[in-house]
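Take a look at these structures.
Okay, so chain A shows up in both of these, paired with chain B first and chain C after.
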Partner chain A sequence: MNCRSEVLEVSVEGRQVDEAMLALLHTILLHRSTGKFHYKKEGTYSIGTVGTQDIDCDFIDFTFVRVSSDELDRVIRKAVAEFKDALNITGSDGMGQISLEFYQKKKSRWPFSDECIPWEVWTIKVNVVNLANEQERQICREKVGEKLGEKVINVVEVINRHEYLPKMPTQSEVDNVFDTSLKDVQPYLYKITYQITDSLGTSVSTTMRRLIKDTLAL
Partner chain B sequence: MAQFNTEYQRLEASYNDSPPGEELHVPEGMKSQWHHIENLDLFFQRVYNLHQKNGFTCMLLGEIFELVQLVFVVTFTVFLANCVDYDILFANKFVNHTVSSKVTLPDAFLPVDACSARIHGNVLVIFILVISGVFWLHRMVKFIYNICCYWEIRSFYTNALKMSMVDLPYFTWQEVQAQIVEIQKEHQICIHKKELTELDIYHRILRFKNYMVAMVNKSLLPVRFNLPFLGDMVFYTRGLKYNFELIFFWGPGSLFENEWSLKSEYKRGGNRLDLAERLSSRILMIGIANLLLCPVILVWQILYAFFSYTEVIKREPGSLGARCWSLYGRCYLRHFNELDHELVSRLSKGYKAASKYMNCFMSPLLTVVAKNVAFFAGSILAVLIALTIYDEDVLSVEHVLSSITLLGVCITVCRSFIPEKHMVFCTEQLLKVILAHIHYMPDHWQGNAHRYETRDEFAQLFQYKAVFILEELLSPIITPLILIFCLRRKSLEIIDFFRNFTVEVVGVGDTCSFAQMDVRQHGHPAWMSAGKTEASIYQQAEDGKTELSLMHFAITNPLWQPPRESTHFISQLKDKVHREAIGGLQEAPVDSHTYTSIHSLQSEEPHSLIANLLQGPPALSSQYVDNDQLLANHKSVAVVDGGSTMCSPISTSRHLHSSYPASHGLRYDHLTGTVGRGLVGSGSGSRAWEGQLTSMALSEYASTEMSIQALYIHELHQQHSRGDLSRHTWHRQDSDDSSEGVNDAEASHSLPHSSTFPCIATPHQQGASNNHCYAATTEPLTSIVRGQRSAHFPMGDWVEEVQGSDDELPPQIHKVT
Partner chain C sequence: MYVLMQAYAMMESDLSPQDKKDLDKFIKFFALKTVQVIVQARLGEKICTRSSSSPTGSDWFNLAIKDIPEVTHEAKKALAGQLPGIGRSMCVEISLKTSEGDSMELETWCLEMNEKCDKDIKVSYTVYNRLSLLLKSLLAITRVTPAYKLSRKQGHDYVILYRIYFGEVQLAGLGEGFQTVRVGIVGTPTGTITLSCAYRTNLAFMSTRQFERAAPIMGIIIDHFVERPFGNVGHMHPCNYRAPGEEEGGAFAGVEDSQEVCTTSFSTSPPSQLYTSRLSYQPPALGAAELCHPGTCTAAHPHQMVAPGKEGGVPQVPMQPCHGAQADHGHVSSCPTGDATHHIPATPPSSGEDAEALSRSSEVKSTSPSDPLDATFTRKVGAFVNKPTTQVTTAGLDLPFAAFAPRAYELEENDPMVHPPDSPATSSPLQGSLHSQASSDNGGQTQEDFVMVDFKPAFSKDDLLPMDLGTFYREFQNPPQLASLSIDVSTQSMAEDLDSLPEKLAIYEKNIDEFDAFVDTLQ
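For the complex of A and B:
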């Protein structure tokens, strides 16, 4: 696969899941978003500004920074909520992973649809633990906060490396690189998917798709 | 988390109107569409394929013709079976013609309605038609898909690599590869790394092939069988190979998740038993599917074989007696990280020697029978032909034409069993020459070249074409049996193999760890890597595969930077070979100043390409030239002439060899004084044709150098494994070397001369080649034997003693007819 992949692992208590996920996803997206591009006539563009916002967590001793865009927040929250629901259905001590995939669209010739080619995938593996009493919860609250702090530093370290990023597009290509649907911020095109450990095996549809592709590529 | 309590301020930014005086950026845009390609494995494979198929147009035409051929095969078969009235054709039935009495071809055709009625009535024909229709449609869809994909690759070649399709056949793969490495810096095809290496590209193209080579190397695949009556057999056909690949690499539920990564559960040892269970049930399923499809595949194989081979057999009946490298042989002889064209060219170079070697073993019984059959058949044929010449009406007598044809075929077949006259066999030497090209052979062959066991084992690698076709025909029946009864038992081992020998390489994905060619991890102590290797017996690659592959890869890709241990290994080996070669040269009484100068030049930059070039092959080239000269001088001496053609399987290729290196040898002489390292530059710079020539010559050198290294490694290995020798083997070894001693004498005498005065042959040389048959016969081999000769020096000083004894005929001259 021609794409970087980074894995973060956390173990949290059931009620901390969504905050922990939000913290990590928002941290990554903060670094993978720019202000809106305003293209000028001469082929140049200017970048709008991006606001940031501190968010305090309720169940974790932790504060994180996110892009102050409610729309983006809503999208992320929705994905995280779905993930949490899926976790709850399988039982409280579930394991799962949520992945944030940055991709690029590539226009193809007629017989093929546009390709979405990922260039960076962040996988966050979650291990949900059950705690017996309030004291343990208290300890967990601090521990998870510390852990998340480490993860954030991890993320920043990875992002600080000078590695491949899609080139800044011209006006006509901007939709192939950035998600321009939001009003106030412009992240790289991303996709959030999740998996619960029980269903970690490849699904039927992907198998079928691979089968067809493989027979074609014989 | 105190350190995170910094004060973040929300920026009350206005998103719609940008503040004045703000920075303006210039978008870079997508200058090329080649940045960041999703599936690099497929991409590189296609780039390679397109190069091997000589460009887009050739490929397109080839594929179209293949499709057309398919339609033709099917319709023609159906037509022959259903629409021809054979009674008319054989004149058993008369046609009522009013105009003329001649029977024409169209008379024999049935009318359309009768024909279609016959087809409709025949279930089998309908069945075959449906099957082939489905098959054809599948091919058609694949064809269209491929065309679309390769069109992309074509534009990659023209736009990114700046190579037009017309010129593509004239670029070597190494050049294409260098160009890809170059443009990675600009386009970032692979996003993990700033720079691609040659090894990365090889790994991606050959990912699965490396696994297969490793599995054959570790004898994991069930391809060898010990059958009750037939003895040790190897059965490995295309169908079987296809099934193996289907099971391991790309089929539904295979071990690989996609082209580049093994499924994560297979990387963990925890539930290996469980996984083995699953694998074995999957193999069972695929085996049963094979069994069910068996009739279809069988019919297809028969049809295909019939149409592709009957014409060839009719044209040259000897071709069935010809041999080819078997599929197993290709797998066994392949290095890790060796592309198809490299393997094919290497094996083709060894073909002549190999078929000569096999011809040494003609059964005397068969020869006697064949001679007599040929005699009787020949006399009948002669009479028939004589009669025909006298009056051609003889031809119209029933069966005369067919018997002439049959007798002709019969004689040709018989002749292939009769050894040529004036033939001298020296199996041991032939095997050496073969080894120089194929680079691998089991230990016990050496010294046993004249035995039937060796021959039989070699026949597994180098089989009759007829056997090959037969095996392909039987494959649909045998493959499911092998899958169900043999492969399933191995499923646990397979799971373990994939877990233990898969490494994840950044920027490449999961590859076979053997393909890393790491001497430390997979070296075999008996193959030069003693002391360096940390591998357990399970981890060692057999037959010195790691070491030889490493050498091969380093030689074919001189620009590749191996990891430190490997560099050490390579330079050490080269050093050894070089030192001993030089040592051998300096023993020669004649002036060796050219070589000392070369030597000094080499010591200046021991790792450069020029050093490699000057160290081995030019010496060879001069030898080649010299041999040519010698031969020319002695055309009159029948022994030399006959002997050399008999016993120098490389004789034809030698001319080719000599032409390149000779011209280059001269050029080097000019170059060395002034430019030195400019030689490398001349490959890229200077005029186009010169660059072309250089790169061609480079590949020639590379293959020769590899041959020498391979022989050297094998020889060292032999000495290593001999360890404590019995008196008996010493004795034989001694006399073995007497022959090489002769070569030594010649080689070392002729060498220094030839590099400067290629035309002069010293009286001594003439004497040597005149001396007796053996010296002459082995003489063309000297170039190859040289590498292995040098290996004797560390063993002791007995080479010198032996040198004088060129009068004894060494024992390995097995048979003289």
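For the complex of A and C:
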């Protein structure tokens, strides 16, 4: 199975990074989350209800819709905050990328650990720009708002191609497909990673390190 | 035409009757929910609905989308018992109308169907889930088109209106160069459903003459307002909602839940087990609370072959609710719910609706969720009246459209925010003048529309000192003007200055050498 990979690029001002990332990540997760599964006898299951919430951005002329789940929002905000800190700390030109990867777990026999097989990866490339005055910032607010709108349309276009989605799991396998840790919604299993491009153009990759760690772990 | 009909008949025969019935139901409710999402996105307010881990049976497509009764009513009227199909599109037109009477179509959302069929697709599972995904996409896209920002700013200057029509798509009113965005598509055995939006890019105003055109399909306006200052809006409906008899804020009391219980239960087990469970399911008596949870219903699809673990899980379509059929006939009945807080009157379902054996005794009602969903679905008084702020009262002020806010005005008399008995300082000059007027009346007189309250500043005790804070405040509210600022004094001194000017100039000329010497020392 080939993993579907999509790349979105945005140029934002420093204080817009958080909201731009949240807008795109939440838009993707809105489409990749279902209600909580409740398995019953005879293999039947029912699905809970997903609520939605409009979020106005403070630094961008944009409103996005996210799943009504404070738990999920906290997790995403934490990841975005780490990404932003990393962008600020390293001697970068303000370039980096954050990836949202949906995967399935495949049980392996002992002593091998479970395999994580990605089936969809969204990469958001960010370029942070510095603006000189308030007028430019105002223009940037509107321009970034329009750009994010285009990105949302791109996301929706990809999702509505109805390409591969993991099969609905039985009760014993639900944790291999979905993240069942949240109380109110159930997104597909996902992980968020980021890379920062430093001023020399080389990428300080956290995913590479993790890959190596995973391979060596037995 | 004959060939098409034949092909259509063949397609129909490939679909089992139960699947066909389910598909029609899904398309119908998808159309209704689509209209709700679009209109609610143009109300001008942020929408918020709560997630619920337990299915309530009234949330179609597993999404918490509220139903505004008026919008559902208009949508059903437009559909008139038909479903969107090939050549029959359902359209929601969003337009803007200014207070001067200029109007402009902003966008048209189209729910269409084409002939491309996907015969292999499983109706009750895959189609259902893809329709759910499409609704989520619609939620996202409705916030992205230009009309969203306009709708968030609607108020005194303009309002956003909606119109639902069925039939051929009309895009001529969008002007030249309109853009189209496709929200998504879902293939079904009878055709492919497509949802798209065409939106205007040229925002120059049209003349009112262009607004008069062929008679619309829909006629009656449901008037929320006492008067309509925007003149003849004909067939359009304002994109704001205020349930009659409601108080400001609070829960979304006017919500009408879906008239049919929706599919919320799915299965990963083989059909034989389901069939057995259906036969063994003993429907309890009418009104039992357990019935309200459709998750326990196991109306099976004995014809579907499903193996566990596959993507096509068999959904549990619940017992056929009689009021679903009633809704089809345009007659809405509210069934008794287990939730007393919503005060829905218990009305028995009308007879002779469905032939299904289990429909009568095992009626699953559309329940309001026992937890009132905390929708922060705030409503406006009207498009032309801003919700009264704490600083301004409509009484006695010359506000435009003040006649539209009789309810809010009544509430304001007792609103502690407007008549704060305890505030020591005023937050606005207007409120300040109200207070000073009240205090100067010595607490004895009552103004026409105000409740007279003694001025009691916070944190002050009036028992020990002869002059308390309140008295001090009252006495020093109107201090005398400063002498230097009084006009008489200034005019007098200026006249004197002018008179003495020639003398002063003569003195300076005499001492000019001294001045020059002084300047030299500075250099």
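As a convention for this text, the second predicted complex is superposed on the first by the 194 of 218 C-alpha atoms of A that agree within 3 Å, B and C clash if a C-alpha of one lies under 4 Å from a C-alpha of the other, contacts with A are read in each partner's own complex, and residues count from 1 in each chain.
The rule is simple: a residue touches a chain if its C-beta (ideal position, glycine included) is under 8 Å from a C-beta of that chain, and two chains touch if they have at least 3 such contacts.
As the structure is a computational prediction, the values presented were derived from the model and not from experiment.
Novice: Who does A:Val65 touch here: chain B (first), chain C (second), both, or neither?
Specialist: Both partners, chain B and chain C.
Novice: Counting residues of chain A in contact, which comes out ahead: chain B or chain C?
Specialist: Of chain B and chain C, the partner in contact with more residues of chain A is B.
Novice: For A:Ile159, is the partner it touches chain B (first), chain C (second), both, or none of the two (neither)?
Specialist: Touch partner of A:Ile159: chain C, not chain B.
Novice: Taking the superposition as given, does A:His31 touch the first partner, chain B, the second, chain C, both, or neither?
Specialist: Touch partner of A:His31: chain C, not chain B.
Novice: Kindly classify A:Gly149 by the partners it touches after superposition: chain B alone (first), chain C alone (second), both, or neither?
Specialist: So A:Gly149 meets both chain B and chain C here.
Novice: Regarding the shared-chain residue A:Lys167, is it in contact with chain B (first), chain C (second), both, or neither?
Specialist: both
Novice: Touching A:Asp56, do we find chain B (first), chain C (second), both, or neither?
Specialist: After superposing on A, A:Asp56 lies in contact with chain C but is clear of chain B.
Novice: Report, in rising order, the residues of chain A that make contact with chain B in one complex and with chain C in the other.
Specialist: Looking at chain A, the two contact sets intersect at 35-36, 38, 40, 43-54, 61, 63-65, 68, 149, 152, 167-170, 173, 183-184.
Novice: Within their complex, state which residues of chain B touch chain A.
Specialist: Chain B reaches chain A through residues 1, 3-5, 8, 10-15, 18, 22-31, 33, 35-40, 42, 138, 141-142, 144-145, 148, 151, 188-192, 250-253, 257-258, 260-261, 509.
Novice: Which part of chain C faces chain A closely enough to touch in the complex?
Specialist: Listed in rising order, the residues of chain C that touch chain A are 46-56, 59, 62-64, 130, 133-134, 136-137, 139-141, 143-145, 148-149, 152, 181-187, 264-269, 273-274, 277, 294-296, 298, 308-311, 313, 316, 373.
Novice: What does chain A use to touch chain B in their complex?
Specialist: Touching chain B from chain A are residues 1-4, 35-36, 38, 40, 43-54, 61-65, 68, 104, 106, 109, 111-112, 115, 117-119, 145-146, 149, 152, 163-164, 166-171, 173, 176, 183-184, 202, 207, 210-211, 214-218.
Novice: Please give the residue numbers of chain A that touch chain C in the complex, ascending.
Specialist: Residues 27, 30-31, 34-36, 38, 40, 42-54, 56, 61, 63-65, 67-69, 149, 152-153, 155-157, 159-160, 162, 165, 167-170, 173, 183-185.
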